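What follows is a set of structures for review.
You will see two complexes here that share chain A, one where it goes with chain B and one where it goes with chain C.
Moving on, here comes the complex of A and B:
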């Protein structure tokens, strides 16, 4: 059993080794852990095992069917609809991750300069993020409405933005960027505040200002936040579902169907929970793989 | 250093930032303006920027005609219970991990942390089946239960409890206080910031959760706000003033919560993301 009091704390508190009061053992700890532990086992650990188990069966949404080995996975590997959904998810990630990261940084740099209007400007950029997804989609469906929307009125366009294969996914991405970028701005603002003023003052004495100061001080010192934002956004973008489902329903012609929607349709519309569970497991593996590759790459860089 | 040139440049920078901010938030304003119009004004050509005669008809209609009040009730109820349960469960578990000694502690904590890697989305099917077996599909319990397990909350609470000076607990133990009393009388009063952080972030996440209520509710009267709002586009069709009135009302609670508690919301997100402890 490891000691909970680190040596330096022990030195500070002056509690000599060995005279520490016997800590109360398991029973009370177990009681305190029990509520979380039970919920964790029931609503988290058990479903993980169940997802894997179901993926090896031919099951409906409510009944567990016969064991079929890896055949769901074999089918998945050769399923063009699945690979198309992976591709569309990747497209969404491509369209959103770098824009929300860079735009979030730019917003933070702009807001960070302000003195009096700072909280106000921060609120303007951050507000969309606190909205539920369906408020966001209602707003943009109205603004982008091809007959009565603001974009139609201002630019005279008649494009059904969410109904054309060429524009549907980019527009979903645009709406997502508008919705979520404020959160990244917040993280970058916190990062900027951690850079001490003295570093800039010292750099200024050396003649580094403006762009040079940004390139030699701000950018490298913000790098940890940048990688955090990038990581969070990449994983979040792979979990895309609600915006696409509401705005395009996966269409037109399945051109925006993402992995989670394919899983959802398979399970809750085709009622094929076995095959859908294989998609769920594959989805988890993709996320795990991306996280590991990313962690390895970032470690290599720093 | 701050010559007139610099001051002018600063003014321009401030002005452009605020202008961009206003542009960024404009869709929100546009929703409010549309909601205050009549249906005819909302679709008038050329576009009418301001409602000539502001009216609350659209708001009155959506509050009296549809299920919106019911969705509010559902969202408020489930979000409050989820927040309360998440905080209580996480604080208790974190106290045990942080302050008590028991066998397998590190292993168990490691298991909890590893759980953060598993996306909730991958568990939708087994969770739906579990709720179906428990008879909880389309019930409040069904909406609430899978949302009360937050390993992140345990992690954040534990990080905070670890920093509480050991003398405080030692003194309370010498006084004969039970662990429950120590948690309630010593640790909870100290945890104001972190309680608020986890509470607010959990509440907003629960209020905004779309995916799980989408899976587990089957009838309009059990829907929460994010889910119910997807119905109004079909229900109201081209009645944009009503649609926007619904959107404005649906977004109002979280927007108000943010505006009132701006600093706490900000700190909450930073704490939970691990940028600020």
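Moving on, here comes the complex of A and C:
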């Protein structure tokens, strides 16, 4: 444990250097940390450990069964449904992560230029994010209903947007982008407001305006926010469940079944908790890997 | 005795007598929402007001996987309620896992119930290997709703204004064609979007009517009968007899706004028709008939609500609460006329045979034929309401009807996935 009290402070407290490595606040700090620590161990570390343990057994939803070694993982490696669901999750991430990041930035740039209506526009774009997922999905189900929906009435289409393999996943992505982009816009707005006006003024004196100013000042200075938004969005997209569960149920014929839904169905519908745990652990590792690769790639830019 | 002890004794006596008057609380979890929920509340309130010994307290949960998961997990840790509502199609999955407490003949007769008072098919559905695991409350099969105005124009009604009998697929298809040719409307409204359960129910009906079976030795065995059934449904859609992509509310709206002549749906939509007529929102005269005999017999998919007692782990239900549960079940059976207004056919024959029920329209028009022919999902752990097998079917059957998959392809995908599912067992 490193001594973190700066020399000036130590002089004031009168603690001689080297006599007490532990600050008097140590036990108190631990005490104050305890509620979080206990919750963390109980609801985070313990369940992960249990999931790993369960994934090595043949268990039902309510009873832990016999130890079966790695056989769940062997089965998983050759399970076409699992790999298809990984693919669909990736597909969803592809459809959402970059659009939601870019759109968030564009909307922030646009809103930031407004003078009078800024708060109004900000609230307008942020509003969908306030809604619970059930409301969002219900809303879009009505809008896109093929026989009674708004789109049907406006354009005369009778496409079952959530029922055609070609349109189901893009539409789930569209709904998600609409729903979540407002939050990213806020993060970008905060980032934009952190860029000092003086930098722009100085650049303006050098003749840098418009696109040049954006390319040389805004974009680089926004990069930390961009990587943050991108990372948050990637993890959120990989964890997609509710929208798919409500909008398509994983259909038509499995074309939108994502990993978490496959895991949910395995555990709660097919009552196979052992195998579902193996799916969870494998997916945990996949997300970990993707995040590490992504972090390494983005770090290079900053 | 000091004054204080005297006061204390008096206090204890008073609380004691107050406690003695406290009714025994019966906890009851169910998944009954909407109109069903309102009618069950009426029954519970009526029961609680009718006597002082017991008080039933209900908790309403979301039906389907959420309900059954919660009951399953709470039963295995001994926290389940005294009484639950239950789909009889799930008995074969729950009884062998010891999740339900068997109900004995003596317990039933202690409140005046006996096997002979119930539709035989429903009673059988509530038992497993000779033991009774639930008391059937009702059955809710598919029925055929028809728009009398449209059907008359298409020449499908008899002199009394009722639907002429239809006894084959050919006759039913001809009726759909007549509707389209003579009125320009689509013939049949039925839920068929990409996550619809209705295709499974009609398919099961048609396979059973051909004398086929869905499952033999834990394998899908519908074969040619299964293909034939799915082909017929896909053809109706291809011919334009059935509006495409209908989700559940759309399918009901298509019928109630007069855009189709028929609707195949469960009896639970009867209140929509009855209320619609009362409030003038239903702009036509309607009828409800048992599902036609498309093939050799009139088997019709249906399910049942029943009452079951969770088998709480290491915590058997105490005798006084059990007595209350049985008493409440008997009360609901005897007052099932209230329940019947939801369209469900009561399982309890004295109610179905009563003059009051005969006067209940349109219920009595379909009740006896439908209940006598009701067919459940095949037995098995994977089976039953919102169970894994139904979940597999909804992936492929609607797609075949919509023309996204050929019938052969849909059937083989369905059989492969279902067989894979059924080969695994609930573990351990």
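Throughout what follows, the second predicted complex is superposed on the first by the 264 of 302 C-alpha atoms of A that agree within 3 Å, B and C clash if a C-alpha of one lies under 4 Å from a C-alpha of the other, contacts with A are read in each partner's own complex, and residues count from 1 in each chain.
As a convention for this text, a residue touches a chain if its C-beta (ideal position, glycine included) is under 8 Å from a C-beta of that chain, and two chains touch if they have at least 3 such contacts.
Bear in mind the structure is a predicted one, so any value in this text is a computation, not a measurement.
Q: Using the touch criterion from the header, give the chain among chain B and chain C with more contacted residues in chain A.
A: Of the two chains, more chain A residues are contacted by B.
Q: Counting only touches as set out at the top, which of chain B and chain C does A:211 meet: first, second, both, neither?
A: Touch status of A:211: no partner.
Q: For A:146, decide between first (touching chain B), second (touching chain C), both and neither.
A: A:146 contacts chain C only, not chain B.
Q: Just chain B (first), just chain C (second), both, or neither: which does A:155 touch?
A: In the superposition, A:155 touches no partner, neither chain B nor chain C.
Q: If I apply the document's touch criterion, which positions on chain A are contacted by chain B in one structure and by chain C in the other?
A: Touching chain B and chain C on chain A: residues 61-62, 141, 145, 148, 268.
Q: Note which residues of chain B are touching chain A in the complex, please.
A: Interface residues on the chain B side: 10, 13-14, 16-18, 20-22, 24-25, 27-28, 30-31, 34, 42-43, 45-47, 88-90, 92-93, 95-103, 105-106, 108, 112, 115, 117-119, 121-130, 132, 145-146, 148-149, 151, 154, 165-167, 170, 173, 178-179, 183, 204, 207-208, 210-211, 214-215, 225-230, 232-233, 238, 240, 243-244, 246-247, 250-251, 254-255, 257-259, 262, 265-266, 269-270, 273-276.
Q: Contact residues on chain A for chain C in the complex?
A: So the residues of chain A in touch with chain C come to 58-63, 65-66, 141, 145-148, 158-160, 162-165, 168, 248-254, 265, 268-272, 274.
Q: Mind listing the chain A positions that touch chain B in their complex?
A: 1-2, 4-5, 9, 13, 15, 21, 23-26, 28-30, 32-33, 35-37, 39-40, 42-48, 50-51, 54, 61-62, 110-111, 113-114, 117, 119-128, 130-135, 137-143, 145, 148, 150, 153-154, 178, 183, 186-187, 190-191, 225, 228, 232, 235, 239, 241-242, 246, 260, 263-264, 267-268, 273, 276-277, 280-281, 283-284, 287-288, 291
Q: Under the touch definition given earlier, write down the residues of chain C that touch chain A in their complex.
A: Answer in residue numbers: 65, 69, 72-73, 75-77, 193-195, 243-247, 250, 253-254, 381-382, 387-388, 391, 394-396, 398-399, 402, 404-405, 413, 421, 424, 426-428.
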